[in-house]
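One chain, chain A, appears in both complexes that follow, with chain B as partner in the first and chain C in the second.
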Partner chain A sequence: MTESTGGIEVEEETAGRVKKFMFVNRKAPYGTIYALEGLEVVLISAAFDQDVSLAFVDDGVYELVKGQATKGIDVKNFSPTYRALEGYDIEKLYVDAESLKARGLTEENLIVPVEVLSNEEMADLMAAQDVVISF
Partner chain B sequence: MKFGIMISEGPYTHQATDTAYQFVKAALAKGHQIHRVFFYHDGVNNATRLTEPPQDDRNIVNRWSKLAEEHGIDLVVCVAAALRRGILEENLAKGFRISGLGQLVESGIQADRLVVFGD
Partner chain C sequence: MSFEINGKTYETDEEGYLINLSEWDEEAAKYLAKEEKVDMTDNHWEVINFLREYYNDYQIAPAIRVLTKAIGKKLGPEKGSNKYLYELFPYGPAKQACKIAGLPKPTGCI
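Here is the complex of A and B:
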């Protein structure tokens, strides 16, 4: 059994197995807790040496927008954490082009380098995953 | 097939946990295995033994406990999400245990399919 605080100890059955994990972020960063708690899973997954990628679709693209100012709603601005992902070797970030466009955003509005994909490319990428977890 | 399950919503407000329960029952009936059921976000509220629904309604929490007892299913509640929402060892229903997020990732690795039930 793995340890209770984060399960960083890796079981024998798990060690050495690498799967393609995709975390799909669909919600705005504030208003609900999904984005924040989703990011916590992403950080933990780094400890398991898996092939991790992140997708941002629908309102999920707002999670990466520059200049988030949350003081007025008394909620912590956790967007700098996305910049720290690189340090965890999580570098595959994909953003849905239509979701960006529909919200009047471009790549220049985002805090981290991403790859912008069409619906079709995103679908192909999802189909190629072993595990897809959506938030 | 070996299934991992993740539940992201609490009981009664949202159907996610009901659907997950029906899915798990159907999978077991077909001879599949359930590697683990992981409760995250408001899903951790499925693990409190303090719920008392009306007599004529289903008891979602007890139903999970019973299924775990009958089939030896591992019901895991995320510790960080649980602490935020006041789910502690002392009010945990039978058959549930509190552990880390690593248990979810591990389930993704060890199960053949990880199925997410949420909003």
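Here is the complex of A and C:
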């Protein structure tokens, strides 16, 4: 990781180069605005033709759980939008194995295909990014 | 803001987008199209219906790039182009067609 948040200063030699952006999702989908706002940023980022990946860790894995029923809390169920990411050419979704396991979840409980990674693999992947943005 | 057709009231935001998506019907679409100065043909309806299906599936209005690609896949490559969609909706397919389809403004649409 060479920058903490989206590089506003563009150095000449890096201008035009595709950067590796990772958006890290750590929070449950409802109760705070982080998950939805994070998803919106991801959708917008797709317009800039960068190398975008998403990581889901801690309660963030709940964002991808099938069968979210939100009528009772009177908010929109935005989980189907994760299925639209493929159409935006965002196909690198990584889920932390331990976070899944700690919540009694498996890959079959998720609405989109993901790659499940160990702590160590996730750390390596994060270290390989140009920019990591956490929600 | 709002408009009324045959005694039914439709609430809109300050840019004219429907606030309550479930209120949308063909009459509302015709009214919104007229406001946008779009003469609705079968080709227009095809895109509008496509957008409604897309929203129903994914809960978002697609970005223009995603829309053209998806339309090309579903309705044939000759329709999956910016040129085709801009001919139908000259002031921006995503913006104009989404408004007529009763969808929110696409995320990242400027």
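Operating definition for what follows: the second predicted complex is superposed on the first by the 119 of 135 C-alpha atoms of A that agree within 3 Å, B and C clash if a C-alpha of one lies under 4 Å from a C-alpha of the other, contacts with A are read in each partner's own complex, and residues count from 1 in each chain.
Throughout what follows, contacts are C-beta pairs under 8 Å (C-beta built on N, C-alpha and C of every residue); 3 or more make two chains touch, one makes a residue touch a chain.
Model, not experiment: these values are computed from the prediction.
K.L.:
Between chain B (first) and chain C (second), which does A:Ile44 come into contact with in this model arrangement: first, second, both, or neither?
P.N.:
After superposition on chain A, A:Ile44 lies in contact with both partners, chain B and chain C.
K.L.:
I'd like to know which partner A:Asn77 touches here: chain B for first, chain C for second, both or neither.
P.N.:
It touches chain C, and chain B stays clear.
K.L.:
Name the contact category of A:Val131: first (chain B only), second (chain C only), both, or neither.
P.N.:
Touch partner of A:Val131: chain B, not chain C.
K.L.:
First (chain B), second (chain C), both or neither: which does A:Ile33 touch?
P.N.:
first
K.L.:
Based on the superposed arrangement, let me know which partner A:Tyr88 touches: chain B (first), chain C (second), both, or neither?
P.N.:
A:Tyr88 contacts chain C only, not chain B.
K.L.:
Chain B or chain C: which reaches more residues on chain A?
P.N.:
The partner making contact with more of chain A's residues is B.
K.L.:
Between chain B and chain C, which residues of chain A are contacted by each of them?
P.N.:
In the superposed arrangement, which is not itself an observed complex, chain A uses residues 40, 44, 47 for both chain B and chain C.
K.L.:
What does chain C use to touch chain A in their complex?
P.N.:
For chain C paired with chain A, touching residues are 57-60, 62-63, 65-66, 69-70, 107-108.
K.L.:
Quick one: which bits of chain A touch chain C in the complex? Just the residue numbers, please.
P.N.:
Against chain C, chain A makes touches at 40, 43-44, 46-47, 76-78, 80-81, 83-84, 87-88.
K.L.:
For the complex, give me every residue of chain B touching chain A.
P.N.:
Residues of chain B touching chain A: 6, 8, 40-41, 79-81, 98-106, 108-110, 114, 116, 118-119.
K.L.:
Provide the residue numbers of chain A that touch chain B in the complex, in ascending order.
P.N.:
2-11, 13-14, 17, 19, 21, 33-34, 37, 40-41, 44-45, 47-48, 50, 130-135
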